[in-house]
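For reference, the structure I am asking about is given below.
We just call them A, B, C, D and E in the order they show up, numbering each chain from 1.
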Amino acid sequence: MSGAIGAMRADAAKLLSEGAVKLVLGYCVRGNERYPCFISEAAQAEALDFDQSCRQNLAAYLRKPEVRGRAPLAVVSSPAVCRSLLVLSSESQIRENEVRALAIGPKGYGGILGLGALGAWLKADYPDLVPEQALLDRVAELSAKTAQERAKFWMKEFEKCTRCYACRAACPGCYCERCIVEKNMPQWISSAAAGHGNYAWEVIRAFHQAGRCTGCGACEAACPQGLPLMLLNARLSQDAFEEFGSRPGYELEAKPLIGSWSAEDDGSFIR
Amino acid sequence: MTFEPRITAFVCNWCTYAGADLTGTSRLSYAPNIRIVKLPCTGRIDPLFVLKAFEGGADAVLISGCHPGDCHYASGNYHARRRWSLFRKLLAFTGIDENRVFFSWVSAAEGQKFANLVNKVTEQVRAAGPFGERNLARRRL
Amino acid sequence: MRRFPKYVNAGRALMARIGVFICHCGENIGRTVDCPAAAAEAAKLPGVVLSLDYKYMCSDPGQQMINKAIAEKLLTGAVVAACSPRMHERTFRSAAAQAGLNPYLLEMANVREHCSWVHSERAAATAKANDLIRVMVEKVRRNKALFPIRVPVEPTALVVGGGIAGIQAALDIAAGGGKVVLVERSPSIGGHMARLSETFPTLDCSQCILTPRMVEAASHPDIRLMTYSEVEAVEGFVGSFEVTVRRKARYVDPEKCTGCGDCFNKCPLKKIPSEFDAGLGSRRAIYVPFPQAVPNKPVIDAANCTMLTKGKCGLCAKVCARGAIDYKDQDRLEKVKAGAVVLAAGFELWDHSAYGEYGGGRLKDVIDGFAFERLASASGPTGGEIRRPSDGSEPKTVVFIQCCGSRDDKKGKGYCSKICCMYTAKHAMLYRHKVHDGRAVVFYMDVRAAGKGYEEFVRRAIEADGAEYVRGRVSRVYRRRDGKLVVKGADTLVGRPMTVEADLVVLADAMVPRRGAEKLAQLFGVGCDTDGFYSEAHPKLRPVETAAAGVFLAGACQAPKDIPDSVAQASAAAAKALGLFAKPELEREPVIARVNKNLCVHCRACINACPYGAAKDFEIKDRAGKLLRVVAEVNEGLCQGCGTCAAVCRSNSVDLDGFSDEQVCAQIAALE
Amino acid sequence: MSAHALTNRESLLAARIREETGVKVAECYQCGKCTAGCPMARWMDISPNQIMRNLQTGDEADENRLLSCQALWHCAGCLTCTQRCPKGLDPAAVMDVLREAARRRGTVPASARKVLAFHEAFLKTVEDFGRMNEWPLVARYKLATGDLFADVLLAPEMLLKGKLPIVPHAIRGREEVRRIFRESRKKEKR
Amino acid sequence: MKACGYYPGCSLAGGGVELDLSIREVSKAAGVDLREIEDWNCCGATAAHCLNHDLAVALPYRVLSLAEEQGLAEVLAPCAACFSRLKGTNLRLARSAELAGRVRAVVGRPYGGGVKIVNVNEFCGRLAAGGLKDKLSKPLGLKVAGYYGCLLSRGEGIVEGEDPENPSAMDAVIRAAGCEPVSWNFSTECCGGGFSMSKTEAVVELSAAVLADARAAGADLVVTGCPMCHSNLDMRQRSMGSEGRGMPVLYLSELLGLACGLKPEALGLNRHFTDAGPIASPLSVRGERRPSECGASRNTSTPGGR
């Protein structure tokens, strides 16, 4: 891994010194903590670091005007971040000439990759990025319970939500200028941090990620109340894969799952 | 007093709404528990509508539109089908199961089917009981 | 007793002045729903200033009641609780319009079909009627005045495809007073029909009946021919399409050319297989596809002309007395404005090389139906004598194999190509007329001869002309060393295999859409079925319309069709186009989607989802023309109002007039 | 196993075919391409397409006629029909199921006795030795059919050319092979 | 390809011995180590799949299981019928877990599905392009009709990479042997298959038609990869009319061996019923100076097994 990090730092320094990018988004490690770190000088490249605990999804920064304004830029990208970049590209949020990835993962450093090359890297080294088995086990365990038990479980969890929207801020997929939860006239989702408003928020937040969530886990990691948000995301990803073969973030241009259709889609639940 | 379920139905204008009209012109009777909200197409139905209905007091939601291939707008029902196939599972996972959300294709010619559908759904919801004031998706009154 | 919905914005509610009109429909509603009680209940709703019930709201006095109320009470909205809106919405809305109320501020609550006719218990029915009325009051309170969308209509039709369907549509539209631009990909109009020898079931000579039409189309003052041209791009919508047409380089100036023929008689490249003759004859590098071509002006085939490929030759330019040859000619793009489009892209024959068991396209004497037409045609490469391609001898046994590639799920197409039974019968008949001592053996699965005079025609082929019909599919065809084609078929009615030694085999290949048809459909926003045929708007009731408003279908691009069917559909499409042109402006329902450009983040979900291609990218620029942002926009000419875009928009930046989020939310909340 | 019938007249036999081969006989549209290409059709009393048709009628008499016909035993398994079936059906696999059924029901016609005898002799040899051995096979076949003189003329020459090993080879695992036969037969009687 | 699993199958120990001999010879010449599956059993051939479905899968299953146990990732099954049964079993097991479970219980052995089956056409093709490339020193200059029959042309998922109506896998081998593949009509027509004994008249008629077409196409000989086809085409010639007689029928591997200059006897050419002698020394037939090196004929054939 150390060789990989060295190579990544060298590439970051090279890109900056050549002026190919103006900013590199990466991680630094301080003690047990992992922080995002932005560097704009080649000399700062030594500060960059990476390990498996770097859970924050740096792609989320790309929607910030202050970051976007400094394009072209490079992002230190774990496989999950790479997938987020491709999702953002599919949704016309980022353009090829704006962002490059310094692709790095458990299998080593993949080099400076343009968005067009990310798919191939992912497919070669990380073709089946699926939720971790432990998470899937928890999903299965919960799914096996009765509807009442599930309702009870989630009621308890959702009651904790303070509506701080840290989950939203951490998620690269949540880039709406005005989130649905902030809409009034009509107000679809109550903004009060209780009851049905919480339910609607959590469910809609998850559903808006259907076919888009790359499973990075940044939302859950960001939640100060410890809500098991990844249970919702994983269940939805699993359903989307099983029913429609949805594997977001492997193609540069992909049709959105919700918003396209096939005559062969399952209709057995419709009477 | 026995429990009378309240069922909110979102139907498309071209098939199911017309089918429900046919039920009327054929004088087929069905349970009076359903309230229809007409939309141009099932493709229009945002998942938010469903949550809002539960929040507002519905014990169940019925969504019905044109059969595959018959959509007035060519593909609105296909969009809807894909959307619901995932959303209903998410609802079930969070505790709102198949006794609360129903999907159907009812064409403009299927007056009898519409009557049977409403009766069956009403029975099933009646058996399942009230959605529950304690449920998180429901507004506390 | 229900409470009023809590969320109601009191300020707005006070401003609203809504009238509720409850119809008894004689006894139809009144028997089950307590109408006076419902009116009293409605009167209590906030914003309702008037609530009446009456025996027949749709009657003249009933409508006058509504008119009067609108005028006197200065209503801002009205709810008529009566029958289904499908029955009388139009009636009541025009009544409202007469009284000065925007018609889209009136809604109907369906208390008959959805209430009194389907429930019998009076209390429950009345309670439901109250709910339905309340829901509509809450909706109307949020209704906006909407105005029909008016689109100016350019009275020109773009007809794509110059076969018989396109020609017929063009002539009919021009005869009806419209203008036509007829775009044809090849150098001449005429299409496949010009290649046919004779036509079933009357055996008219195809060119004899077609060429006058071709000439008429070319000489009609209101029809403009654009041959050797293809549609490149489409913008706009019904009433005002703007179509970019690629005019391919002809290398011959049609203005100067007199069609004398000196050029192609001198061209030294003589051996280029003629597409028109299905490869049985040849043409030059500068050529007209057939002698009766319209326009009868040659083009140079750039791929084969040595002057264009190697810069050597130039003979045609030398012999052209008019100096019409221009080797430097280039493709040009031309824009055409049209109010309506007729797609008549036609068909082609399925490539039977996928049938290895029939020789995989490698056997010279195994030919398709068009090749046989050219052999039988008096103007064909053999002058109308049936000769086999391999050695020019007269075949004494000809086997016709039907359903080649049709009704074959595995290697071909699942559908029936519809016309092959008839043209095979015609081929067998023509062959027997020309070769009296020859055998015509037809292998068929079913004879489908539904059409005027069709069954009689097939029977004539069998009974009068001695075609031998054998019910069974052929398993294999191979060429023996002596040149005979061994056809291994079966007679399933007897229940045994049957081998025929033939001199010529004619395959009735399936009809498939033209290559490139799918791309053309995409340009116009027309859907294709799984086989690539164009999808009509409704299989029964709107067979010539498409999902794209103002785009109509004619001929075999929609499904396999014979000449009479193609012509009939072409005339129908022409009628549809003329119907559009009948008024200078087009009025459309104002139920359309709108994008809030301030909120749109351009995720393109709506653009992907829109079945009509109405949602498109829109560039927001500053005054200097600098691009600021890209967002989505809905083209109101294309939008049909399904609302799918609104449902896929995560930030609800798209909304649908007439069924807005606000309206629907209020309706749901009113059910509380 | 699905009890669902494709059509309401689907016979048990047709259902069995569907379960074992995936072929839904109702899908056959009787084009006859199977018959047209069948190299053995000339020696069949019922043509391949008629075999499919007899399975579609749901009529017991048709089924009985089918199971006692000799065509089943004259199928060479060459797969020409399957290869070329425009409906993507597999008549060759249907034949296998029908042969199995005919043998189970004891309706193999006398005229097909030789074919069946050959197959049975073959399998008996394999059951005994684990492999096919020509001598025992031929001996058994001849005993069963009484066809004593057939191919007698070929045998010496084969022997001379090293094509008929005299000592049958028996494999070590023949007990295992016998077990396979026993177990498979259990299923067969099911 | 250094080593390859080998499943000769019953025919190759008997009637199809030439195929066995020639396969072993050309493999040796190409430096390929054939590793015969130990204690293999019969695949059940046509008989099993005619009479008992489970048996038809269970017998090949044991073979596949043994191969896997013995570490053979790839197995050559030169006999077309064995190839078809083994590969078909692989396919069926992969498609149905239910069947795989049932058969496992019947056989009482595990099989993970990891053994790849190769037929004689593929195998010879690989040798011709690989280990034998430099050894094909003896262009035979013959016109050869490649006969695929049923089992090396048809069967979805079994014969891969071939156009079933116009197969071509043999062409490259025939060309490598310095011969010209003739284009003919009967390369995939059935020879009558397993009816050799029980329906001899059909076999004679069908096989004669095959040979007649090869002759009409100008072929000097027919090559095949199937012992059943070979025995029908070779041994039944004397029952045929003149149209069928006198056409040498070789295995593809024999042709390949000859082109490498291997001894005809070693390849088994002396064991055919129809004299392949002239073919074995084509140069002498064509009036070249070189004397026949290998006068294999009926007279010099040696009796006995291996």
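List of remarks:
The rule we apply is simple: contacts are C-beta pairs under 8 Å (C-beta built on N, C-alpha and C of every residue); 3 or more make two chains touch, one makes a residue touch a chain.
Worth saying up front: this structure is predicted, and the values here are computed from it rather than measured.
Hopping across touching chains, the smallest step count from chain B to chain D is 2. The fewest steps needed to get from chain C to chain D, moving only between touching chains, is 1.
By number of C-beta pairs in contact, the leading pair of chains is D-E. Using the mean of the Cα atoms as each chain's centre, the chain most removed from chain B is E.
Closest to the middle of the protein, by Cα centroid, lies chain C.
With centres defined as mean CA coordinates, chain E is found 56 Å away from chain C.
Averaging Cα coordinates per chain places chain B and chain C 34 Å apart.
Chain A and chain D have Cα centroids lying 59 Å from one another. The set of chain B residues that touch two or more partner chains comprises 48, 52, 75, 79, 83. Listed for chain D are residues 42, 80, each touching two or more other chains. Counting partners per residue, chain E has 164-165 as the residues that reach two or more other chains.
Pairs of chains meeting the touch criterion: A-B, A-C, B-C, C-D, C-E, D-E. Residues 84-86, 110, 112-115, 117-121, 124-125, 127-128, 131-132, 135, 527, 535, 547, 591, 609, 611-612, 640-644, 646-648, 652, 656, 658-659, 661, 664-665, 667-669, 671-672 of chain C are the ones that touch chain B when the two sit in their complex. Only residues 20, 39-40, 42-43, 74, 76-80, 82-83, 96-97, 99-100, 103, 114-120, 122-123, 126, 130-134, 138, 141, 150-151, 154, 157-166, 169, 171-174, 176-177, 179-181, 183-185, 187-188 of chain D touch chain E when the two sit together in their complex. Partner chain E is touched in their complex by these residues of chain C: 355-357, 360, 478-481, 486. Within the complex formed with chain A, the chain C residues making contact are 7, 530, 598-606, 608-609, 630, 648, 650-653, 661-662, 665-666.
The touching residues of chain A, when paired with chain B in their complex, are 142-143, 147-148, 150-155, 158-159, 180, 188-190, 195-196, 198-200, 202-204, 206-207, 210-211, 232, 235-236, 239-240, 243-244, 257-263, 265-267, 269-271.
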